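In the two complexes that follow, subunit A is the common piece, with subunit B as its partner first and subunit C second.
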Partner chain A sequence: RCRASGDGKPEKFQPPPKPVIIDKQKQRAERRFLSPEFIPPRGRTDPLKYYMERKDMIQRRKVLNIPEFYVGHVLAVTTADPYANNKSNRFVGICIQRGGRGLGATFVLRNVIEDQGVEICYELYSPRIQAIEVLKLEKRLDDNLMYLRDALPEYSTFDVNMKPVSRLDHEEIPVNKLQVRMKPKPWSKRWERPKYNIKGIKFELPESKMKAAQKWSQPWLEFDMLREYDTSKIEEKIWQEVNEGLKT
Partner chain B sequence: FALAPPKLLRSVSHSFLSYASTTGVCRAIQKLTRVRVVDNSALGNTPYHRPPKCIHVYNKTGVGKVGDKILLAIKGEKKKALIVGHKMPGPTMTPRFDSNNVVLIEDNGNPIGTRIKTPIPYILRQREGEFSKVLAIARIFV
Partner chain C sequence: MMPIWTKSGKKHAVTLLKVQDCHVLRYVSKEESGGKTAKLLVGGKNVSPFSKPESAHQIFKEAGLPRKQKVTTFNVTDDAIIKPGTPLYAAHFRPGQFVDVTAKTIGKGFQGVMKRWGFKGQPASHGQTKTHRRPGAISTNKAAKVYRGKKMPGKMGNIYRTSFGLKVWRINTIHDIIYVNGSVPGHTNCLVKVRDSKLPTCKKYNKNPPFPTFFADGDEKLPEDLFDEEIFQFTDPSVTYT
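And now, the complex of A and B:
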């Protein structure tokens, strides 16, 4: 720090401000991720069934490292295949959907190879899966990317020999606000309708069509109390259970 | 003229200004489904004003899945073909393709083309005895 005009009297020494060390590792520990297949669906089944399934899921997770991933991540899965050379088969693709609860939890990976779109539905806890690696971490605006089937193929192509993108542990998972351009209509589903609630498509339809699609909106659904399913307390209990199971 | 893939050829216009629409791609292969020939044979790749259609499935049920033989009507001729991928979701861990793919085949099982560019599922290797020649010309396996 330089003094513009000499004061004459020496100023009191001001020590530089102490750097504030934000320990991001601790901040990261506050953010918890519970895989959605642990949360039991709402129903009248005996919770014992879900408890037994969770025990088996924890056992499987001790053997195979299933990383944290969301819809929109690019994954590489190696499975054991008796009919493949070297008995193992590697597939790279973007996760478009995560479904199922308990041991039957599945995720669908999509990729376009040689101008042919291929989708494979994998079971997370299948013993045939040898490794799951996350190549690119990015969330998308939607929970379900099934509309990629009707989008231009460039949005679903991913290099098979892609290197994993490096990422620091404490950073938040970035959300890719990409608006996808679609092939000309007709599509497999009418994605412009409000029931799908898709934010990741750049609709190039005329205004009249978009307004006509709003006819099927059901604005009373979000206020329907019978459809509410508050999972916060269930998640807390399951989170503790899973953490204890994985530590031992 | 280049034959547009069946998905983009959705409406057919005639001279008297009317549009007829066609159905979407069929999920599993049965009679009258339009298929896509994926090998590099001349019969499969030369353009024709009608897409190749299935006219019979050699199966107890009339529905063809991966590894079934079907009879195809291409360019006014009948030809046998092998299904290598369909749009219908199959058992988990098996690939599901975005189009119904088919490889032209002779009666004895020899493929007519010399190369297959599109990916082929590994399940076909289970019946290596029947399809060994088709698997030999395939390049990519999924």
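And now, the complex of A and C:
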């Protein structure tokens, strides 16, 4: 290496620059998941009531690990059952709906056992639940999979002794863009109507029926400002509160 | 309203009542009030003094307290008299006790006879002319008059009603919250009067309450949460049957 201003004296040894390690795992934004039952609904109740509920919910989560799950995941739930052989009951199913807020939050699991469709509604914070395991992680195109009742039974059957699918922590949860085929009409609800806004069904109805269903569309709803409920700031505060509660 | 689970796994619905700045305002003796027992005037939530005339502030000035939104009377025996000005807390009640809750019901306005009294009305079709929700006949022929108190349309709701025999499941001493079984009359955040139950079957559960009341500056140091024996506390592991 040539020196710009020759001095004659030996230059002090410059060590080579340290390699900069870019940790891609940390660079990816930390995925924050706040369970939807923590978000308080819009109303006139005192926020103190939600605060007391959240304390109880955090307390229960410290004892029972409630994993992060969405609608479309396949879960296995073991509950205490006084009338069963081993006093415990294990049910495997796909989560089709998550409802309720606060301690009364519920989720419905559906499975087809021996050609009989079975749906069980579990309360997340009930003390009878002993374990919740996520067997398969995949989000679906909709928030509410109630249409699986009118779909062909193959879409709701899941093996009771299914092994949990392994998954890395930081990966995004895959979205399954499956379009489900339905049984012939009549259905329990008219799923083709825009009110349900379902994207996960492969409608094999004639074009005239699909156009007739659009008569019930309410395009003004998306511009209704009174229906907007911006939960981003509330979610931030609650997420911090829940995290601190779970750490201690 | 919130769910609560017992140790056997059963779910009960529970209403949360907050005790907000309750103070004893005045003591009225038996002879003064003309009743059978002495009375204590108790005031509820603090509210600004500027919306009422000075004459209404007399009671509060005597006790040295800010103006309260609601003032109620409690019939008290002579040995349970409390000095005016003492604050009352949620720890006055204990879990396992039974309680009566009084409040003004939600006002529904002028309502017809079907909603107000639960009349069946008339069929929707088969030749009914302009008569679907009307009361029909209001008296008999022989009576030749309409009796007093006949159920007719009128203003519904916004009256005091009591729900009796509600069990107290849990008490939070820091935020002064009472968890009471079942539902309570009134809308959300309305003012409510809570008394010890008068039902004869609940007398044995109301033994040994803090008498005459719970004093915060006394010797007793209560834990943050007081639970009933049967409640499943979330610090315990999940319920299992044997």
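Everything below uses one rule, namely that the second predicted complex is superposed on the first by the 220 of 248 C-alpha atoms of A that agree within 3 Å, B and C clash if a C-alpha of one lies under 4 Å from a C-alpha of the other, contacts with A are read in each partner's own complex, and residues count from 1 in each chain.
Assume a contact is a pair of C-beta atoms (placed from the backbone, for glycine too) under 8 Å apart; a residue touches a chain by one contact, two chains touch by 3 or more.
For clarity, every value in this text was computed on a predicted model and none was experimentally measured.
Of the two partner chains placed by superposition, A:L221 touches none, neither subunit B nor subunit C.
When the two complexes are overlaid on their common chain A, residue A:F91 makes contact with subunit B while staying clear of subunit C.
Touch criterion met: A:S188 reaches subunit B, while subunit C stays clear of it.
When the shared chain is aligned, subunit B and subunit C each come close enough to touch A:D81. Legend: residue contacts after superposition of the two complexes on their common chain; A:K49 is shown touching subunit C, with no touch to subunit B. Across the two superposed structures, the residue set of subunit A contacted by subunit B and also by subunit C is 81, 123, 126, 128. Contact residues of subunit C toward subunit A in the complex are 2-3, 5, 9, 11, 16, 18, 172, 175, 177, 188-189, 232, 234-242.
Taken in their complex, subunit A has these residues touching subunit B: 79, 81, 83-84, 89, 91, 106, 113-123, 126, 128, 149, 183-184, 186, 188. Note for the complex: subunit B touches subunit A at residues 7-8, 10, 24, 38, 85, 89, 92-99, 101, 117-119, 122-126, 140-142. By the touch criterion given at the top, residues 43-46, 48-49, 52-53, 56, 59-60, 63-64, 80-82, 87-88, 102-104, 123, 125-130 of subunit A touch subunit C in their complex.
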